[in-house]
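What follows are several structures.
Here come two complexes built around subunit A, the first alongside subunit B, the second alongside subunit C.
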Partner chain A sequence: MEKQVIAAKNIEKKYKNFTLSVPEMNIPSGFATALIGENGAGKTTLLNILTGIRNDYKGSIQYFGQYSEKEMEKTAEVRERIGYTGTDNYYLPNWTVGQVCSLSKLLFEHFHEDRFKKYCDDLAIFGGNAYDGRKKVSALSDGTKTKLMLAGVLARDTDLLVLDEPASPLDPLMRDKLCELIRDYLNSGEGKSVFFSTHNISDMEGVTDYAIILEQGKIVEQGFVEDLKEKYILVKGEKADIEAAKKILYTITTSNYGFEGICLAEDLDKLAGMDVVTETPNLFKISVAVMKRNSLIK
Partner chain B sequence: MKISQSSGVPIYKQIADAFRTDILAGKYSQGEYLPSIRELAKDLRISVITTMKAYEQLELEGLVTASQGKGFYVNAQDSEMLKEQHLRKVEDSLLAAIDAAEIAGMSGGELIETLKTLIEMRDQ
Partner chain C sequence: MKRTAWKCFTSYVPTSYKVLMIVGTVLCTALSVFLGSILGIMGNLIVGSLVMVMLILVDYFAFSGISVRYQKRMEMLKSSFNGNEVIRKALVVDLIAKAALSVVVYAAGIIGAGGIPDINVFLMFTSFYLLYIVVSAIFLIFTRRKGLSILVQMLFCYLASSAAGGLFFALVATQQGVERVTEKFEGGSIIASAVILALLVVLIAVGAILLYKDSYKGYLSGFSDDTDKDKKAAKAA
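Moving on to the complex of A and B:
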């Protein structure tokens, strides 16, 4: 359980008005990890650094407990074990699906054409019609391009999937399917791991084991979801206690009828004497609370 | 197994409760393995960490033992402990009934009479 699929140390990337600075980040092996954060928090930059798409940064990264970032860059064997999908379509628009398939076979040693075709079929990439290798990538909708990229990585033998905002272009049914694909992947062998960024916390909650929350280029919270659910408590209370609660709660929203907020478990006994009900928050509520505390949004 | 996302009871507790009931009812034999955590997560459509926490809860209660790399197997059930567990369940249910009776304005005598009637009805 202590093993990490990616362990990053002292990662720093400076832009003109923005700095990504991650002293330490560990992605547990054998689990699905979500990277959560506002627009512009640095999620894609971080993912690009971890997948080797960017290498103009400071810091060190260890993959699968044994390879350095330099080794990952030079060794095809390490890259073979990682599957990546991005927010931009990385297949050229004038390629056909058939070309995507043959190029993937050339690029990766462990790309299974039969599996690719099966996923194309399962994900209804051709709208319920038979596999058509002549179909152009440019003729596919955004959501379908994402499905095609997923089919492309799932057709390979990998140990880690890194997915940048996979849920965003997908419809609700397909998001549900995405969760199923991730669970199947985690169940397909020892130590299989998934790391994805998302804004759609509620849709992805049922598959998220570990969460990393990034704000203004810094990790402001990370942990196993079940542990976070014990660290943060959802509290609802009466109007009379609003002022007192404001001093104790981590975040608070008030209305004419009372308040609702997130309280750190360690502060819970300070609420003694107030008429409150407590609940276990979901990941969405926890994420919003943590983001709110660290956001520039007023 | 039925899992409710909105019952207010944490999902890991619902899973642990369901397995506890089955284990105490003898549906698992001694040494039998529970489904793997990833398999269970897949089937229940929940995250792996939640099923893991449910199993850890059962381990804490002494119902199952973790075996490195192989999963969780069911322990021999001590008959004294079994009895104790069942007794606790009865007490909990009765306490809930007492609370409900109080809200309904029933006296202790009326509650006992109701219980007697219900037992008779069930025996028939």
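Moving on to the complex of A and C:
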């Protein structure tokens, strides 16, 4: 079994009308892992727990195969090795880019100002203009704030990046650049790993090695993308077979011409006798099927 | 990089806060000198209220170490092992800066009034000034905990001056009680005032520690559920 960068057990966090319950979750080392789930599935809560931003939960977490969650609180080692980018709550709005830089130097032992400025330039945070430390964070668009967060974590020497919805506020070009940055990061050293939550499955599929699908606070599917593509099959068939197919397919979408659905590969034999075409589904199709199956949305 | 308290403070607070604090200090100092020259040492009582209002306004709008409006944010600090240390040090320097500002403005009022008129009067007015700061600090803790708006905070600031006025009479009565003990000595009245003043300085220190702890607690609360209501609900669940 491959090494894990994070191994979590019996994670539980209760809210009034929602419980995040993860009996076991392993994030493989050296890969990019996507955390997929609909709104309110518990993705941000889970990421906050794993990065130590939230500490009111039950359960145990092991980092880099050797540190417990308690050691994360007591020693700088674990947090130094994790680079985290959040959503709206990452910076204070009155901070300037220069402050973000000087605070990063105070907060993180291995932060490189020159690298930060280079990433600011590469990602066109100042719209092609020279680095401007006086620029207020509140004056940046959501996408640019995300770029700034990425510049901040990539300017550090880390072994794991935990990114909360990095692709959502980005334009298609920047999403492509994000995938490139993730690939470069994974290739920059042995055991470098990335764990990110996303709704933009198609855009991020090219860089996703492992996927975890979270629904209603529970992991409903996880595995290497290649394995998932073998586990599930995309089936297309004739209108006449819709009713019979409904009983077998994992999820089904019907139209005037026929149906399309996802089926477990092990159930494929049950479709014998029907006029169907099978294809290998992409991660988007698999994720939507799994989410649909477990969603409260009717 | 070495995390000195000053470095933590200057990195954490925005430029607008630093500028407003400096401008506010200059304005309050000038006003204090002016009022001192007209009203004598009494002018300090008015300036005391203005200093508190200025501190609350600057803190609220430019934010600083003691503002709680964004305590749920700052994930950048929370994701770092050194985040707690940085915010702790920034809070301490912030409080020291505010205390220094109050002292400077008060001293300017004394200078404006042409120096210390009478040691007893000086001790009495200084006691009131300190008492006002202590009461305001306590009120501030309350208003921040409740997350009240800036207008309500201003109202509480006004109430603090009234409360301090009321307490001041109690203080005078206490002073007279102490005087009965110290009157056996030469300058007994001054000793009594000095004792009261010393007690208030201790109270100020306690108030500052409470304010610091409350602010830091506010930051730490951002690591867990949003409200006590959520916590209770989670417990019940």
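Some observations on this one:
As a working rule, the second predicted complex is superposed on the first by the 296 of 298 C-alpha atoms of A that agree within 3 Å, B and C clash if a C-alpha of one lies under 4 Å from a C-alpha of the other, contacts with A are read in each partner's own complex, and residues count from 1 in each chain.
As a working rule, a contact is a pair of C-beta atoms (placed from the backbone, for glycine too) under 8 Å apart; a residue touches a chain by one contact, two chains touch by 3 or more.
Just so it is clear, the structure is predicted and the values come from calculations on it, not from any experiment.
When the two complexes are overlaid on their common chain A, residue A:F108 makes contact with subunit C while staying clear of subunit B.
Looking at the shared chain after the overlay, A:A32 reaches subunit B, while subunit C stays out of its contact range.
A simple residue count on subunit A separates subunit B from subunit C, and the partner touching more is C. When both complexes are overlaid on chain A, the residue A:D171 reaches neither subunit B nor subunit C. Legend: residue contacts after superposition of the two complexes on their common chain; A:E71 is shown touching neither subunit B nor subunit C. When both complexes are overlaid on chain A, the residue A:D122 reaches neither subunit B nor subunit C. Within the superposed three-chain model, A:E226 lies in touch with subunit B and out of touch with subunit C [touch as defined at top]. Of the two partner chains, subunit B is the only one touched by A:R183; subunit C is not. Contact residues on subunit A toward subunit B in their complex (touch as defined above): 30-32, 179-180, 183-184, 186-187, 205-210, 224-226, 229, 279-280. Contact residues on subunit B toward subunit A in their complex (touch as defined above): 8, 10, 12, 36, 38-39, 41-42, 45-50, 52-53.
Listed in rising order, the residues of subunit A touching subunit C in the complex are 13-16, 19, 51-56, 75-76, 78-80, 82, 84, 86, 88-96, 99-100, 102-108, 134, 152. Taken in their complex, subunit C has these residues touching subunit A: 1, 3, 7-8, 11-12, 14-17, 62-63, 70, 72-83, 86, 223-225, 230-231, 233-234, 237.
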